[in-house]
Every structure is written in structure tokens, then in C-alpha cells.
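Some notes on the structure that comes next.
Per-chain residue numbering starts at 1, and chain names A, B, C and D are given in the order in which the chains are listed.
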Amino acid sequence: MSSRISVIVWNEFQHERQSPAVQAIYPDGLPQVIARALRDTPALREGAPELEVGTATLDQPEHGLSEERLANCDVLVWWGHKAHAEVSDAVVDRVQKRVLEGMGLIVLHSAHFSKIFRRMMGTNCSLKWREADEKERVWVIEPSHPIAAGLGEYFELPYEEMYGERFDIPKPESTVFVSWFEGGEVFRSGCCWERGHGRIFYFRPGHEAYPTYKDANVQRVLANAVRWAAPRVTIADRCPMSPPLEKLAPKSLDFGKVGIVQHAKDLG
Amino acid sequence: MSSRISVIVWNEFQHERQSPAVQAIYPDGLPQVIARALRDTPALREGAPELEVGTATLDQPEHGLSEERLANCDVLVWWGHKAHAEVSDAVVDRVQKRVLEGMGLIVLHSAHFSKIFRRMMGTNCSLKWREADEKERVWVIEPSHPIAAGLGEYFELPYEEMYGERFDIPKPESTVFVSWFEGGEVFRSGCCWERGHGRIFYFRPGHEAYPTYKDANVQRVLANAVRWAAPRVTIADRCPMSPPLEKLAPKSLDFGKVGIVQHAKDLG
Amino acid sequence: MSSRISVIVWNEFQHERQSPAVQAIYPDGLPQVIARALRDTPALREGAPELEVGTATLDQPEHGLSEERLANCDVLVWWGHKAHAEVSDAVVDRVQKRVLEGMGLIVLHSAHFSKIFRRMMGTNCSLKWREADEKERVWVIEPSHPIAAGLGEYFELPYEEMYGERFDIPKPESTVFVSWFEGGEVFRSGCCWERGHGRIFYFRPGHEAYPTYKDANVQRVLANAVRWAAPRVTIADRCPMSPPLEKLAPKSLDFGKVGIVQHAKDLG
Amino acid sequence: MSSRISVIVWNEFQHERQSPAVQAIYPDGLPQVIARALRDTPALREGAPELEVGTATLDQPEHGLSEERLANCDVLVWWGHKAHAEVSDAVVDRVQKRVLEGMGLIVLHSAHFSKIFRRMMGTNCSLKWREADEKERVWVIEPSHPIAAGLGEYFELPYEEMYGERFDIPKPESTVFVSWFEGGEVFRSGCCWERGHGRIFYFRPGHEAYPTYKDANVQRVLANAVRWAAPRVTIADRCPMSPPLEKLAPKSLDFGKVGIVQHAKDLG
């Protein structure tokens, strides 16, 4: 692994250009604010690799995710909301291939419904939701997880969209955060999986109508997550015919033997 | 849940019609031999629901898996090998939707590379392989799992294709079987997952060139697996806007507060 | 497995005899109210085995859990709070042995600190808590889990003790329930594990100062849990010397070979 | 976390002093050979923390594991075989407490039956076994796991004791290795768990009658495992009364409300 982690912050970049309210919060757009958060949040551990952060958006050729660029990407951060359907299947195939080879994938908020997240999970990824300017308290369930490093027992976001259970995902391998919502719901807000040789982290907060990505705790989570998801290996997929490692006994192919129950002894 | 479990055994049904060697082993074809195994293997627990077993094949309209037929299917058993690419994406979408609603899915042998299994897993599902008439010993790792009921500590298949690790799958939620191969490999041969509200079981043995599906232990596994995978619920997917369950405090939307780190106390 | 499930409801039975307030809620004592709840809650599935429910308490010889009685117990339900230390280690050993052989164990509320639960988990099982007559909303995270059968998307308890994260337990194999508390906390309220051949379920609600065990949803959870935890097998522990199943090659014990790195090919 | 990882290699140190055959292989004793392997195996990642390795043995006061020494230990490596019963429960309590606070624990070979491993697992940790100078092939199941870094697809040990399934352990959170044995068995040879804030790794090979700990791949695994298990946090256990974070509604304690089934809507 290199001593730098190469990150692409992907963003559909639509709301910020269409809605004055969103623009007021994020005048430079979500891609820039997330990229800057990653650049500006110092690693907690001395000697940790530096982040090298670029952005990519829907409108660019190949959505800014050419074969070559993805080949050099260590961790891809994905935010999308209203334009999931406009992401080309070829690019989704390409991203999936890279995750399975070892690239990290960070999926943010409304990207629960992105093609790439649903592809990686195999499920609908649906949930309950409500936009009501309400308070979210994010509880740390696994304080020893690297993604929780530097946080307290919980952190609060004064205004967020509500996402409620049941969240239709495969059982997370680690559930780092669970959120409490003012309106009465709970949500598994920070979930980890491994797929192929790559790591995936879903992080719930981040509605475009609130300045969530300016919150110091949220920025800490993002910076931790990118370092956690950095590739440990890069292994291309293959399905090889493999010669035997041991000498095989000669065989008669006497199929008459089949069907006889052979077992050591009954366990019951 | 009904007192009968409605099962469809799906099969591409190609080898048996093209290869005299396979035909010699399974003159009625794989779909029939698997269906018969399910019908003829008695449940181990008194009062267990009966199985009602039909078949479906690639050549039928909609591959024999119309909306209506799938809507009434409790457990789908899938065997494919050489014709994965001929399965229509529309049918794969339909099967995935039903699994996420609660239908069981049993994936056999070379169907590790089927569209539907790769769709549900999100991974390549690749592995090592070798056709060398070799001995496989299937060890029971979880003797209390319902799929292992009635088996001994292990069972043997005198002739099988080898599948070796690494098998590119998400971590199984239960690894019921691990195989030992004469040629020196190991394999996670019986793996369980839940996706949405449905259960999925992958079972390794079953190469068409050997009479594996006539083996009494293999038949026991299939019959157990179908009962294990029967739906517990059937829930259609939805992503509803949900009104709050608690009264929300009035809000000022004072974004100036955001960005201040709020946490209970440092844990470290 | 038998067609009846033999259940012992174990209870320290102290609060009800010492506190008039608790006695007012549960005049017959917690053991009886829990036992009655199990007896009176009908199974949801036709043909499900009947429950045969007895009780045992701390003051009885061997706490009512003699070798013989435990040998015939399918599922043990455990409620304790102030007298954990009075439970003899010999009885804890005995219960652990039976769980590992296949017996089910249901651990209720303040029994998170019982010797038997801490023994089975290997962790401290500590948590945050508060007695403040507050509202708990129990969300169903896994609606297809048998323990959630018959429940809605959530249920509420108007008065309960608060338990908050972090709950110091091994990662649950299924997290069936997550609670929302009026005071701002969340908690993994329904957790499943397998240990040895037995199943364990921890269920959070049940403070003695509130009539929680009279709640219809709570009773449904208890009845479901007992059926879920019923033994699938009963296997005594052993650690046998096992003769080889394959002929071993003759060996020279040439230790000079050791230390040479042997590997197929580099994966990186 | 410090930039050095402080490791204690604990060993009962009995066989080497009693058996000339073992002494011939490990003239300096197992504790020294394992400690030296850790010291001499370079980290694979630049900038990785150094290991500072000491030893401790059964015969020392408090088995060499005083409160003070353990308080400064980051990772404890444990090998025992014939003297498990001689390890004092007080020391086991102390080690468990430290693991739950965040210390790493590496459990080797016959220490599957050590008090500390059984304590952390909650299970019997039994298995099948055979001493027959036989070949073991250790397959890497999770090539992206840090413990597998630098290994090939598998490695071989020409002479080892056989351990066979079923291994009575809680489901591993990662199964890094599965072994193939010449005599026909399989075994989950490299298993990871988290307990409290600490990490635990069990590694199967290491019978005292063979020079296993001189093998370069085995040494690589040990060095990787120690780095993987190093503490991420150190958090003392507590079970605090916590004041509410939200204002609680006034309550009437009207227990008449209880028992009414309240649920959003039926899911079925």
C-alpha cells in the first residue's frame, strides 16, 4: 500500500445548483465541502498516511470515473439523491469491480438508494424518512472501532432528516453508530461490511438542507472512515482451474457406491 | 404461513439433453431428480409442513417463473451451469424481489455463478475448481443447524468436482459445512445468509457428471434446507414518509450552532 | 425433539417479598406472572409444540436447579437483580454445561448482570441505566425473526427503567429489537447468540417496579423466544482422539525442511 | 496509542524442561522462540509500530502477570497445554479484565483449553485431535485480513498435530484460515473475535513436538496478529446511572394503560 490514500469524492452535484437554500449552506457545493473536510481533518494517529482528495460529478464524462481514474483510487466517497437513475450501469459495474478488488467505498446519507450501494448489498436499502428539522443524537456502539476514534459517547446534530428502521440491509459486520431521533425513531447510522477484498461504510447523516458536513464530529467520522476503508490488498478476480496438490487415488467411477449413507456416528 | 411449502426446482436442463454421460446418470434430468428427492425425503420432525414440489426450466416462457408462479412460491431451488447468461435480467429482478419479500432461495453447485446468486451476494462468487473424479468429505460445522439435522459428523461423496477457496462471498451468517478434498483443498460448502426477509442457502455438491443428487445425505440436506428457507413473513418493500411519533420541539434553524463539537465526555 | 417444550422460569424472587410497591404490581411474584404469560400466550403457528412451564427460585435447594431437573429442561428463563452474587457457582457451571449441550436460555432485563449471562458472554455486560418512569419504544429491526412474529413495527412501554448503550456484549448474531428512550438513549433490546449447541436470547424490558410482564407485546416476545430457543439437538461435550480417515504417508520427521516458506503464488 | 506495542509471551514452559524430544527442537524453550519470532519478523508496512517483547511463565510469582505488568501490556500471547489447571483464577480474572478494557489476546494451539480462552469464549472449546506427524495445509480464507498479509494462497506444515471440527467456539467474526489435514479433517485454524474493547485471535498450529514456530509463515502470522490485536482504545468498565439528555414528560404512573397492545400496523 502506498503511503498516501487517494480519495475521490463523488457527488451528483444537483441540489446545490438548483436550490438557493442548499446553495446558501454549501456555496461551493457538497463535493468541495466534503473534500475539504477530508483534507482538513488531521489523522489521529501519528504516521498515518496522508489523504489525497479529488472530486468527481455526474455531469463529467463517465461521471468522472474513468477506468484509469478508478484504477488509481483507494477510497471512493459517494453522495447522491435525486439522480440515482442517471448513473450509468457501466460505471456502476466498474465501481463494483474495484470494490471487490480491494477499493474502499463510503456511502453517504441518501446514497442508500444509489445503484452502487444496492448493487453491493443485494437488498432494497429502503427505510422510513421524514424532513422535519429534527434533532439526531448519534450513539457510539463500538467505541473501539477506528471509525469512532476521537468521538465521545455520542454526538448531536440539531437539524437533520429522519431515517428510521427497518433499514433493509444485510446484517452489518459492525454497527458503529445507532441514532436516536427526536420524533421517536432509531436507525443503524454507521454500518460496516466487507465485500470481496474491499470495505464498505454507510454513514446516515448528511441531508443537503442542513450544514451537517460542517459539523466537526461528522468530519471526524468521514476522515476516520476513509482511512479505515483504505485497501489492504488489491486482488483481481479469477476463477482458476487448479491442479491437485495431493496425489489422487485411482478411481473406478463405480457409481453403485453412491447413495449409501456414510457417517461416523450419530451425534444426537 | 401455510401448512404446505410450495417449492419450485429451477434448472437450466441443458447437460442432460446434450451429454449422453449425464443422461446415463440422470435419465429424467436434474430437475426431476431433485424434485423427487425433495418429495421422497421425509421430514424429521413430526408435524412439519409438507412440500409441494414443481419444476421450471430455462426453455419455458419466462423460464417458467412468471409473476404469478413466483408469487405463490415459498422456496426456489436453483441449478445452472452453462447457460447463466441466457437467464433474462427481468426474471432475475423478479426473483430478487421475491427473496427480499421473504421467499427462500437454495443455490446449488455451479449456480454459484448464476445471475441471481451474484445479484443477492453483491460479489463475484468465484472459486477454484477441478474436475478429477475426486473424493469430497463434507464436515458438519454446525450440528445444531436445522440443515444438518439427521446427518453424522461428516458424509462422503466418492466422486465430485473440486471447488476450492477462496470462495468470493460475503461472510456467511452460518457456515454449516466445510469440505475436505482428496486433492488438498477446503471449501465452505454450506453457507447461509438472510437478505431482506428471505433466507438463502448455498450448497456446494452437485456436479452433473456424478450421481450426487442420488446420495441419501445430499437429499437430506436439500429437504432440510427447503424447510429451513421457508418464509417466516412476506413483506412488500416500501420506503414511507413517516410522521413523527413524538412532539417535535419548535426550531429556529439557527445554523450557527452547527460545527461545535458536542460530546458527553472523552472515553479514552 | 419432544412435542412439548419444558420450560423453567427461574427468579430470585426477592423484590416481590420485600417491597410493597412491587408486590402491588405482582402480588403472585414475578416467577408466577412470567410462567403464566408463557402458558397463556398461544403459539402463532398451528402444530407448534406446547409449553410445559414450571418455576424455580433462589431459596430452593440448589436454587431449584438440580442436575435432574436441568437435564429435563428445554429452555431456562432467568430473571435476577439484587441477588446475583448469591447464586452458587456450581449451579452456574451446571446451567452453562446444559446450554452448551443444546438447552435454550432466555435472559431478562437486570439479569444482564447475572453470573450465567456474564459466563456465557465472556464480557462485563455493563450498560447505562436510569429509573425515571420513562417511555420506551421497542423497534423491530428483524421482522422476519421468529421472536418478532405477531408484533407490529414497534411497541411501546409507557414506564420503564432506561438501559443505554454501550451495552458490553459480544456482537449479537441477530439484533431483533432496538429501543428508543424518552430521555435520549438507544439500546439493543433483543439480542440473539448461539453458544455450543444452545441458543441465548437477551430481552431488555422487565423492571420490577412496572407492570411490564403484563404487557401483551412483551408476553408475545417471551412466548416466541422460548419456542425459538428450544433445543434442536442435545450433544454432550467431548474432545476425542480420532483415528485418521485417510491413509497417512510414511514420514521421516526431517525437521530440516521446516522454515522454508512455501506458497502457491503471491496474491498482492 | 503508543508508537511501540508492548507484548508479553506467556508460556507454561513445562514440556521443554521435561521432555528431551521437545528440548531438542526448542533448546531455549517455547517462550523464547516465540518472543524471538516476534522480534525478528519485520513489519510489512512502513511506519508500523515496533514490538517490545517480554516473556512470562507459570512458575513466576503471579505467573509473571502482576497487575502492574498487565497494565502496561498491549498484547498477551498465550501458550499452555498440560498445566491449564495450575493457572490461578485471580490471574485469569485479571487478564479478562484487561482484554475487555482493550488489550489484545493471541491464543496458540493447545491453549484452546486454557482457562482464559474458555473464559472469553463462554464455550467448551473442545475439538478432535490426533498426534500422527501429519501434513497440514493452512488455507487463507480472507486474504485482505491484516493477519494474512504477506502469505500466499496457503502454506504447509509438514508435521503437525491434527485438530478437527467441530471446534466448540462462538461463530468467529473473521475466519482467516481453514486447515486441510492429510488424515481427512478440516479445522478453522485462524479465528478472530472482539470482546469488550479488545481483540482475540486463535491460531491453531504449534504442537510442541514439531518445529512449527520456526516456520517463516507461522512467524509471519504471529507478527501480523500481534499488530492486528494492539489496543485501539483503553476504556475501564463502568455501569453508570445516567441523567436524561431530554426533558421527560410528567408521568401519572397510570398502570391501567399497560397491557394494551400498541403497534403501528401489522406487517404480515
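Here is the rule we go by: a residue touches a chain if its C-beta (ideal position, glycine included) is under 8 Å from a C-beta of that chain, and two chains touch if they have at least 3 such contacts.
None of these values were measured; they are calculated from a predicted model.
Please flag the chain sitting at the greatest distance from chain C, going by CA centroids.
If we average the C-alpha coordinates per chain, A ends up farthest from chain C.
Check B-C against C-D and say which one is joined by more contacting C-beta pairs.
C-D
Would you mind pulling out the distance in Å between where the CA atoms of chain A average out and where those of chain C do?
Chain centroid spacing, chain A to chain C, equals 33 Å.
Counting in whole Å, what is the centre-to-centre distance of chain B and chain C, each centre being its mean C-alpha position?
Spacing between the chain centres: roughly 29 Å.
How many Å are there between the centre of chain C and the centre of chain D, using C-alpha atoms for each centre?
Distance between chain centres: 26 Å.
Please set out, as single numbers or ranges, the residues of chain A touching at least two other chains.
Residues 137, 140, 143, 153, 164, 171, 173, 182, 184-185, 194, 233, 235, 245, 267 of chain A each touch two or more of the other chains.
Classify the inter-chain contact topology: is it line, ring, star, complete, or other?
Chain contacts: complete, every pair touches.
For chain B, which residues count as touching chain C in their complex?
So the residues of chain B in touch with chain C come to 1, 3, 45-47, 102, 137, 143-146, 149, 173, 194, 197-198, 231-233, 235, 245.
For a test of understanding, state which residues of chain D touch chain C in their complex under the given definition.
Touching chain C from chain D are residues 25, 96, 100, 113, 119-124, 126-130, 132-135, 140, 143, 151-159, 162, 164, 168, 170-171, 173, 182-185, 193-196, 210-212, 214-217, 237-246, 248-249, 251, 253-255, 257-267.
Can you check the complex and tell me which residues of chain A touch chain C?
That would be residues 137, 139-143, 153, 164-166, 171, 174-175, 178-181, 184-186, 188, 233-235, 267-268 of chain A.
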